[in-house]
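Below, each structure is written out as structure tokens.
Look for chain A in each of the two complexes below; its partner is chain B in the first and chain C in the second.
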Partner chain A sequence: MSQETLQVFIDGVVRYFHHTNDKDVKVGTPYLVENNNPAAYDVTGIIGISGPYRGCVYFTAPRILLKHLLLSIGELDTSNEHIFDLVGEVANTISGNARSRFGHEFMISVPVMIEGAPNQIHLPAQMRSYVIPVYWKAYHAAVVICLEQ
Partner chain B sequence: MAGKSGLDDGKEFNPGAKPGYKTSYKKYRGIIISVALFLLLDASVLLFNFYVSFEIADDAVGVNLAGRQRMLSQRMAKTLLVLDASRDDPQTFKTAFDELQLSKGLFDQTLAAFINGGQVRGAGKEMVALAPVHNRLGKDSLLHTLELWRPYKNAIDLFTTDVQQNAATENSLAAAVAMARMHNLAILTSMNDLTVSLEQVAASKATRLRIIQTVGISLAIINFLFIMFHFLRQLRDSDRVIEKARRETTEILETVNEGLFLIDKNLMLGEQHSAKLVEVLGQQEFAGKSFQSLLENIINAKDAETARAFIELLFDPKVKEKLIGDLNPLSLVEVNIAQSNGGFLTKHLQFSFARAYQKNDGMQEISHVLVTVLDITEQVKLQRALNESRKHNESQLEMITGLLHTHPGLLREFIANSFNCFNRVNNILRQPAKTVQAVREKATSIFREVHNFKGEAASLKLEFFENAAHKMEDTLALLCEKRDLSGNDYLGLTVQLESLITYTQQVEHLTEKLGQFAVVSSTIPRGKAIANHRSDGWDHLNDFVQNIALRNGKMVKLVASGLSEINLDVDYQQKLKEICIQLLRNAVVHGIETPHDRELSEKPMVGRIDLRLAKVSETEMELTVMDDGKGLDYTAIRTQALSSGKWPEDEIESWTNKHLLGLIFHEGFSTAAEINKDAGRGVGMEAVMNHVLAQRGKISVSSRTGRHCRFVITLPIVYTLNREEIAA
Partner chain C sequence: MLSLMIVDDSNIIRRKIERCNDTDKFRVVAAAANGIDAIELFKQTRPQVVTMDLTMPEMDGIACIQQLIALDAGLRILVISALSDKATGIDALKKGARGFLCKPFTDDQLLEALTELTED
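Now for the complex of A and B:
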């Protein structure tokens, strides 16, 4: 998978945070994880990708980050429902960015929100994923990209 | 006729069938005639009923008036008797006289009307028409009455005249009373006969009416039953044929191995489709759906638009179907069906389109396009797998040629070390680092790892790995130079790492396969020399040295001793090897001169490097690497130190050789003129120093310009656990 392709997904997440009040978002050094031990925080929003590359991209974050993020965009209700919606929104921003950059070549599914790590349906066990840490305020979140050609 | 009807609803694929009004008229002619007949019968019965009922109504008037005649005859007789009795009572006489006049007039008028027909005052005040009586009995009784009535009437008229002329009435009244006495009963009987005859006529008409009604209704019922039985049978027959045809169609649609459906001019799907379609495109409501929306969800919008344009061409009768066949954009299309879990199910489908015609007024008209969808995912996958395996085989062959020269044991060790190295690099990347400094330090740490890896790859002449590591070093060098370094900048490096891991996994896979092959081949007894050949993991160093020498245009002889004599721990031995590799590389690149230079300094053209490992005590060993090259170039080190700008110039000027020597162990310090695979990064010596310091060892360097350079490294011994000893 090319660096440019990965960058598109990273940009999607950064773009989301740039819409919030606290724009100071940092991207950590990307690393690899084996899919049989996937990286995830409390809540995860997954989008399925198909086309020249296929697999999934997900945004995963701890609940505390999401609560803080909700407050920072002026949403005072930090119930689970809103947290899921927020993760879905981040995932949607990622897919929106990917759509505008890749054009019609790629098919991108609507986000699916889950608690914890994606299962094997999304992540083929014999593959590796790229984990790109995202630091926002004092919190850690991550974009995880698992695509095969 | 009925046999065809099952397919005549315009849904068949067979373009030869004839639809149209003619067929329907023929089919329904029988039923139309029968129904018309039924209505005609009903109407005529009704008409007749009307006619007869009017007649009966007339007859009823007749019967009624005949009855009145009876009554009038009796009243006349009665009034005459009253008149006779009331000659002295003028009041009563007058009343009776008037009544007599009225009764006589009515009776006479009615009698005439019964005989000749005409208007007569009815039971009410209205005038009613009476038809002449034709029946025999009635006629006879009328004539008889008329005969009796004439003298009777004359007698009354005479009496009347007398009364009106106030003449004496005794005689005329007596004559009238006598007439009444004589004819009264006979007239009554005759009028009664008339009534009975008229009643009989009416009754016979009613009977006739009933018979005709019964017959008419019976005929209508028979007609209805005929319609019912005949046409029901026909309908049942045609239904059976339709049902059979439908069953066949259903069976075809259930069984056929392709997704089949029709689309009309508006690109809407027909009501029916084959069962396979659900399997191919997923469960959904197909009937009445537009083909566009069916496609839009599974292929990208651009392809869907092209497909729409293509189908529109198919509906254009001016376009030859065969000519545009090749333009079908969906002849092989990859569709992605969204799954509920957010992923996609990818299928490869083949859509083919064929025009379906219908005859309309003798003209063949394109009515629908038949769409056939075939799931060829398996074939495509097979084809891909074939291509993949061909490519894989080619790359494996290439890999094998690159690996063949390496001893399998060493290779396995190298692979294991590589994975360890990759893990370490990945772990460095994984550490959270939020400051620029922390991010930058990662590059330095990774550089060391990669550099060692490169050294080992080079020592085994594994060029692919060496090149990959070199490229990673290039990337890392750029990262080090970059200002405002961020985590994102490492993305390229991570991608390189990933592809290197993938490649290494492939090599591992291949060596496993080759290992199996080796097991098979080792069962064949070979010469003792080979059987005894114990890979101690040091043999490749000579190759490594020769390789670097060749690349740098030098001639070197490596004299190694004592390397296998100490049973070192595997990991420890690996570290020691890394140190040897760095020192040997340094010796070849920086120490040994080119053959030409050596010749000029009256040295043998082939340089010599001594590599010796010796046990100093039970706990200590000494590694010596010595070359007979040009010795350390202190001038070059000083120049490099000056150009690095890290230290003040005058301070450098004052440095002794010993101080300058320390610089070569500094990070990023190299005297090489340019960066290549073997030198120039200034990382190698620093790595050696790190290893030695980590083991609490010592390094001493001695050098004589133009003669030699010697590195002596003292390290503690870490013994391996001897398995045989444990077993004993």
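Now for the complex of A and C:
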């Protein structure tokens, strides 16, 4: 995966957090992981990608980050339902925004949200994924890109 | 005051749009999580303005726009979507939408887009 491709998703993360009331987001250096050990926090929103690119993009974050993120976008109801909704919406927004670079053939699915263990995230074994670390407030989260062209 | 229907599969986005429109310009009369529910609610409530997500389960936003425009050619539809490529925006406009706002958006951007939509 090229640096330019990764930059599209880095820009998407930064753009998302800049639309909240607490804009001070930092993105760490992306790194590669084997797909038998995917990165995951408490709650994960996964977007399936099809078309010329195939694979998935997911946003994963601890529950406490998502609660504060809800408050930061003006949502006072931090119920579990809204935490799941938000993690899916962040993944959807970052993936959808990538179409400004990849075009309309970069097809994205509706989000699938999961909670808990990383072993629930099934990634293609023959591929590796890039992890983009995200630092917001005192919390860590990640965007994970698993794509082949 | 204009009647407004919000269509988005995310409850937090529906609630955000509703909060932004807590003004004397718009009155939210319906909210739907997919295109099929939106068609039914449109028939019941006949809103003058619709905000429309594109990526949704059951029936996506583009198909929903076509059906809504078939029911009311004068309907003012603002697409609010993360799909930020030009082709998608142009397709939505060809199907009958009158504006496009890219997610993520601020309250001010939403109000500005809705104001432009209703001043046409």
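Throughout what follows, the second predicted complex is superposed on the first by the 142 of 149 C-alpha atoms of A that agree within 3 Å, B and C clash if a C-alpha of one lies under 4 Å from a C-alpha of the other, contacts with A are read in each partner's own complex, and residues count from 1 in each chain.
Basically, a residue touches a chain if its C-beta (ideal position, glycine included) is under 8 Å from a C-beta of that chain, and two chains touch if they have at least 3 such contacts.
For clarity, every value in this text was computed on a predicted model and none was experimentally measured.
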item	value
Clash-or-fit label for the pair chain B, chain C on chain A	fit
Of chain B and chain C, the chain that contacts the larger number of chain A residues	B
Geometry of the superposed three-chain model: angle at chain A (Cα centres of chain B and chain C, steps of 10 degrees)	60
Which of chain B and chain C A:27 touches, first, second, both or neither	first
First, second, both or neither for A:96, with chain B first and chain C second	second
Partner chain(s) touched by A:63 [first = chain B, second = chain C, both, neither]	neither
Which of chain B and chain C A:85 touches, first, second, both or neither	second
First (chain B), second (chain C), both or neither touched by A:73	second
Partner chain in contact with A:104 - chain B first, chain C second, else both or neither	both
Touched partner set for A:3, first chain B, second chain C, both or neither	first
Per-pair minimum CA distance [chain C against chain B, superposed on A] in Å	7
Shared chain A surface residues [contacts with chain B and with chain C]	104, 109-110
Contact set on chain B toward chain A in their complex	300-302, 336, 338-339, 341-344, 346, 426-427, 429-430, 432-434, 439, 442, 486-488, 490-492, 494-495, 497-498, 501
Residues of chain A defined as touching chain B within the complex	1-3, 6-7, 10, 26-32, 46-51, 54, 56, 104-105, 107, 109-112, 121-122, 128, 130-133, 135, 140
Complex interface listing, chain C residues touching chain A	9-13, 15-16, 19, 55-57, 81-85, 87-88, 91, 102-107
In the complex with chain C, residue positions of chain A that touch it	15-16, 19, 70, 73-75, 77, 81-82, 85-86, 88-89, 92-97, 99-100, 102-104, 106, 108-110
